[in-house]
Amino acid sequence: MRPSGRAPDEMREITITPNFTRHAEGSVLIGFGDTRVLVTASVEERVPPFLRGKGEGWVTAEYGMLPRATHTRGQREAAKGKQSGRTQEIQRLIGRSLRAVTDLKLLGERQITLDCDVLQADGGTRTAAISGAWVALRLAVNKLMAEGAIATDPITTQVAAVSCGIYQGTPVLDLDYPEDSSADADANFVLLANGNIAEAQATAEGATYDEEGLLRLLRLARIGCARIFDAQLKAVG
Amino acid sequence: MRPSGRAPDEMREITITPNFTRHAEGSVLIGFGDTRVLVTASVEERVPPFLRGKGEGWVTAEYGMLPRATHTRGQREAAKGKQSGRTQEIQRLIGRSLRAVTDLKLLGERQITLDCDVLQADGGTRTAAISGAWVALRLAVNKLMAEGAIATDPITTQVAAVSCGIYQGTPVLDLDYPEDSSADADANFVLLANGNIAEAQATAEGATYDEEGLLRLLRLARIGCARIFDAQLKAVG
Amino acid sequence: MRPSGRAPDEMREITITPNFTRHAEGSVLIGFGDTRVLVTASVEERVPPFLRGKGEGWVTAEYGMLPRATHTRGQREAAKGKQSGRTQEIQRLIGRSLRAVTDLKLLGERQITLDCDVLQADGGTRTAAISGAWVALRLAVNKLMAEGAIATDPITTQVAAVSCGIYQGTPVLDLDYPEDSSADADANFVLLANGNIAEAQATAEGATYDEEGLLRLLRLARIGCARIFDAQLKAVG
Amino acid sequence: MRPSGRAPDEMREITITPNFTRHAEGSVLIGFGDTRVLVTASVEERVPPFLRGKGEGWVTAEYGMLPRATHTRGQREAAKGKQSGRTQEIQRLIGRSLRAVTDLKLLGERQITLDCDVLQADGGTRTAAISGAWVALRLAVNKLMAEGAIATDPITTQVAAVSCGIYQGTPVLDLDYPEDSSADADANFVLLANGNIAEAQATAEGATYDEEGLLRLLRLARIGCARIFDAQLKAVG
Amino acid sequence: MRPSGRAPDEMREITITPNFTRHAEGSVLIGFGDTRVLVTASVEERVPPFLRGKGEGWVTAEYGMLPRATHTRGQREAAKGKQSGRTQEIQRLIGRSLRAVTDLKLLGERQITLDCDVLQADGGTRTAAISGAWVALRLAVNKLMAEGAIATDPITTQVAAVSCGIYQGTPVLDLDYPEDSSADADANFVLLANGNIAEAQATAEGATYDEEGLLRLLRLARIGCARIFDAQLKAVG
Amino acid sequence: MRPSGRAPDEMREITITPNFTRHAEGSVLIGFGDTRVLVTASVEERVPPFLRGKGEGWVTAEYGMLPRATHTRGQREAAKGKQSGRTQEIQRLIGRSLRAVTDLKLLGERQITLDCDVLQADGGTRTAAISGAWVALRLAVNKLMAEGAIATDPITTQVAAVSCGIYQGTPVLDLDYPEDSSADADANFVLLANGNIAEAQATAEGATYDEEGLLRLLRLARIGCARIFDAQLKAVG
């Protein structure tokens, strides 16, 4: 029995509020249950040094968690003077995931930065961030296309992410914090709308798992991502 | 004529959503027009080293701005590895302002940290932060009193803050970004509900000002803070 | 009764030694009683990136305190690896104050940096720094004009600063350390020779204050700054 | 055809030199082809703060790469003043992998740190580090058991890691640098001697992959890890 | 011919002003010609962790240079966020030199920190710092002895330092900046009043030197240190 | 009697393995007894800003010690976020020593960085690093000359370094860790093959020394460096 009473293959409620803030070219507040992430997409007409003059764009991400997004207050990374290994790992994952569905040549020599800031955390912040980032990116690219800055759509398909895990021996979908903190294994899958995998990460916490376990987690992820793909489409109209 | 069409002594709409997030002992989303600041109050049962064993508590604040809260994206302070002088100046001001209405002995040997994070900026973020922080502090102290952790209310009165400035020769209340970026003088007043001043800061930007100018700004601030005190009371019920 | 026996509106002795060091274009050792600040003005023929090619100059300041300028030794900021919020707040204030009396277009595309280093502290280090910085700036600009690098004097008037506070219920001028550490309110005023205000900052420490209190502090500041303006003129001959 | 002429399921030569340095409780130089990683295991009779007094130990890892381990010189992380996101991600992975085969209660209240320093890089540095770290840990624990500090062996089984990827459409085992830098997908598997999975990470680089692709990579990883398990056993005698 | 017209074995004027600042237990402004270093000795009743409970004290030093102590302005180390290698090398040298004449057991479990801040630089700042630090230390220890905190004098003898170098083929004493910046070899000697050597550092800059050159530099250093020892004694009365 | 049983003027075994790693233009593993330092020479076709456009090259060095190179594990400098004063002092010394034998004009506008990483420490790591760096530099320059990038050999002679010290009253050559940690004086000499001195550093630890002591240490250093010069020549063939 899951602490929330959900069925093993049941996602939490997905809420997506597009245009949550005004200044960013794309912006969204995404919720997976009580987890809430504000994602903005910022377009800048310059690229990182390694891409200059190559006629290609770049998509990158930054991730942060407000100090009291969590049950107990965590130290502010800006005050500590450095981002944790966890933060850096997550923002690298988000960037890779969005680049997996972007044709950087079609994007042109510009950079889109996806800022993912967790306002409230209850497990699955990185997967909500990736899923919301696609919406923010979609909105920003729509704007660039409406302005005529981009002729051909550089976004090749949808991308979404969800966590799964083995909780008290049972594979379950979309872990909330009570599950996440005591799961035996914890996986994050980043899937494309065409069924392909952009990223699979499955980590043994209390107990290792076997090939069958890995496949069962992947199947749950497919169920969850189908739900997210629907919600994304609804959000971008 | 103000860019927004407001009268010189007209505040923007004040919106206060208490309990905006779940985990913090107190939490509020405050808006002054398009400026939106999320404030959480976190209670911790320990005090900074310089207060240990003195039977007194502490109230402190941290301030941050999401990278795309502004018109153009700013660099994330956690990524830069340090907080700007502006950030530090603001968080010191917020902390002092809230301590001005807190009896630290009655609070007891615990610390309350007010995290003020700007989700969207349109001028006046520090004054919205102070005004919202009072609500978050009030909610957190209410909770401590309901739990019996504190016997006598340590909050002595309300505190609120508002910006004023001299815009094209005219003293105006509650500057928005277009006004703030071209005002001749820019002031922030932190006032108590009893009329007293906790902090006055008036800075010449384009042109210096005289004593009469300072007093006219202070009078505008009294008008604005009266409005905020009402909104605060409504928010905490 | 003040600890020093001074009358409420009595400044400490002001000592200004111009050309205290040799290499800087302008240099001064300023004393307000036992507070001693060494200020140098360094001219560099370049401006910060945001001003390049605009035909304007810049005036900026840095502030530091030697580790044993104070009663007990403080940690060296260079060893800690960062400047405190207090340091950054002060150096921003000094820079703004001096820019308030400088026509940056007349200065031309060059930067003057005012380094204010406290050799000995007894209250009022930031106001002594501002008052001394005007002398160092004046000397450096004199040198530029004598060399023909600047045709028209970019310094529009004198600027000086002094602290005031409410000590044991009485408004007093130019707080020394024993007063500063126990004052109910603490204010710093930056005034121009023409009577205008460049910056007013009044902070409640133990008790808040009212409008009348603010005005009485401002009047004391006018008395103190008149004394400083005289001493500045004498120092620059 | 692979650049090295290897068959798709062919590992590079595995070389393990135990006791490569003298001071560490366990030490090994491991090579996967031209990749060379020096791993030391250091035993300290203290645990991190979150474990104090719980009667449990800890296994952690740090990772570094000498500046000229690579084709072109990289900046020294100690000189830059921070570890990259990649470094932190890798050292977290190594630590988790080794903890997956360690009974921390049996280890007792002590910490073993695995320092993995890449002397020469040619792809697969993190998997060589994990595979070598098991040997260093085994040697250090053997020493603790020989000294009587630990009664029951806390190491539950062997752990090894290997990279696989899809290179020019073909799944291949143990990528070297030329393959790694142009592979469509890049995976790292951390496997236990009993066949279970401690960690699976599969990242699309140029093209995403499907479930069948993921499984084929996992099967290659099993072939590679079998070879590594043999080499580990030979190394520890 | 030396730029200053001095004879090869001629020191610049040595000026020592004891008690230059008020708060420190010992304080001195020392000048070697135009080089001016303010040294304070701060006594703290605690020792670094590695000495706790051993009944021994510690003498340590920190060194800094004001940004415009030099011909062109250097960046402030506190603003850069780190001390240069040169700064660290110098402060380690000063600390070792003073410990060479201090019996740390007789000092008792307390620490004396010598802060050496260069107000104006014209070559030889580290040697002036060492020479002045002895005076500041002497004054601070005198104070401790007068207060009865220390029974037996822990200072065993005088220590002084001077630079020498090979300038245009000739060994010269006490290099000023024009000599220092073009010398072929540059040496610093730290000598005791009894003739012994605490530290010898001789570095080839343009041309290497031979054993005879080293000895000639050492002989010049003896001449210079004799002058400094006299000045130190005069300063401490 | 030395702990190792060596005669006072006896070096430890010198082992030099050229081409220890593949990617660097020059690479060597050097051992002085149990001390082992990996040195790589990296050629980059650019120079530091202060040399741009001057037609001159630069030789610089960086130094690091693996955390468990020593008897007890030290903290990793990359994790601490800064290099110690000791590290910076050593890398500055290595750079100066190699520049003493390089004609920077003949090198041409390129930089050679000598990375010296201590794999195992038993005293004398900086002197082994300098001695090995010459071999790595020689190999890298040979490669540049073979490729025709440099016409005339910029290396003017050999440079080597060795430590000496006064151990229990007796001057001894090439201190190992047990000697180094209890010597009364500790010296490092950097000598050229022609007998000249590039750097002499002699530090009193427990007891100061006299001129005769300094000369005896220098004579031991000549004996040691002769041995190193031979080993260097053998290594570069």
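Chains here go by letter, A, B, C, D, E and F, matching the order in which they are written, and residues are numbered from 1 within each.
What we mean here is this: a residue touches a chain if its C-beta (ideal position, glycine included) is under 8 Å from a C-beta of that chain, and two chains touch if they have at least 3 such contacts.
Per UniProt, the chains are A, B, C, D, E, F = Ribonuclease PH.
Quick caveat, the model's predicted, so the values are computed rather than measured.
> Could you tell me which chains are in contact with chain E (Ribonuclease PH) and with chain F (Ribonuclease PH) alike?
Both chain E (Ribonuclease PH) and chain F (Ribonuclease PH) are touched by no common chain, going by the contact rule given at the top.
> What is the graph distance from chain B (Ribonuclease PH) to chain D (Ribonuclease PH), where chains are linked when they touch?
Minimum number of steps from chain B (Ribonuclease PH) to chain D (Ribonuclease PH): 2.
> Turning chain C (Ribonuclease PH) onto chain E (Ribonuclease PH) with a C-alpha fit: angle in degrees, nearest 5?
Angle of the fitting rotation, chain C (Ribonuclease PH) to chain E (Ribonuclease PH): 180 degrees.
> Specify the chain most distant from chain D (Ribonuclease PH) by Cα centroid.
C
> Determine whether chain B (Ribonuclease PH) and chain C (Ribonuclease PH), two copies of the same sequence, contact each other through the same residue numbers or different ones, counting it as same when over half of the numbers at the interface appear on both sides.
same
> Taking each chain's centre as the mean position of its Cα atoms, how many Å separate chain C (Ribonuclease PH) from chain F (Ribonuclease PH)?
50
> As a quick test, compute the distance in whole Å between the mean CA positions of chain A (Ribonuclease PH) and chain B (Ribonuclease PH).
32
> Suppose each chain is reduced to the average of its Cα coordinates; what separation in Å results between chain A (Ribonuclease PH) and chain D (Ribonuclease PH)?
28
> Which residues of chain D (Ribonuclease PH) are in contact with two or more other chains?
In chain D (Ribonuclease PH), 81-83 touch at least two other chains.
> Make each chain a node and each touching pair an edge, then name the shape: line, ring, star, complete, other.
Shape = ring; chains linked end to end, path closes on itself.
> Moving around the ring in the sense set by going from chain A (Ribonuclease PH) to chain B (Ribonuclease PH), list every chain once.
Order around the closed ring, chain A (Ribonuclease PH) first, chain B (Ribonuclease PH) second: A, B, C, E, F, D.
> Help me check something: in the complex, which residues belonging to chain B (Ribonuclease PH) touch chain C (Ribonuclease PH)?
82, 84-86, 88-89, 91-92, 96, 100, 192, 195-204, 208-211, 213-215, 218
> Per the contact definition, I'd like the list of chain B (Ribonuclease PH) residues that touch chain A (Ribonuclease PH) in the complex.
Going through chain B (Ribonuclease PH), the ones touching chain A (Ribonuclease PH) are 21-24, 27, 34, 36, 38, 40, 42, 44, 62, 64, 66-71, 73, 76-83, 87, 113, 115, 117, 119-121.
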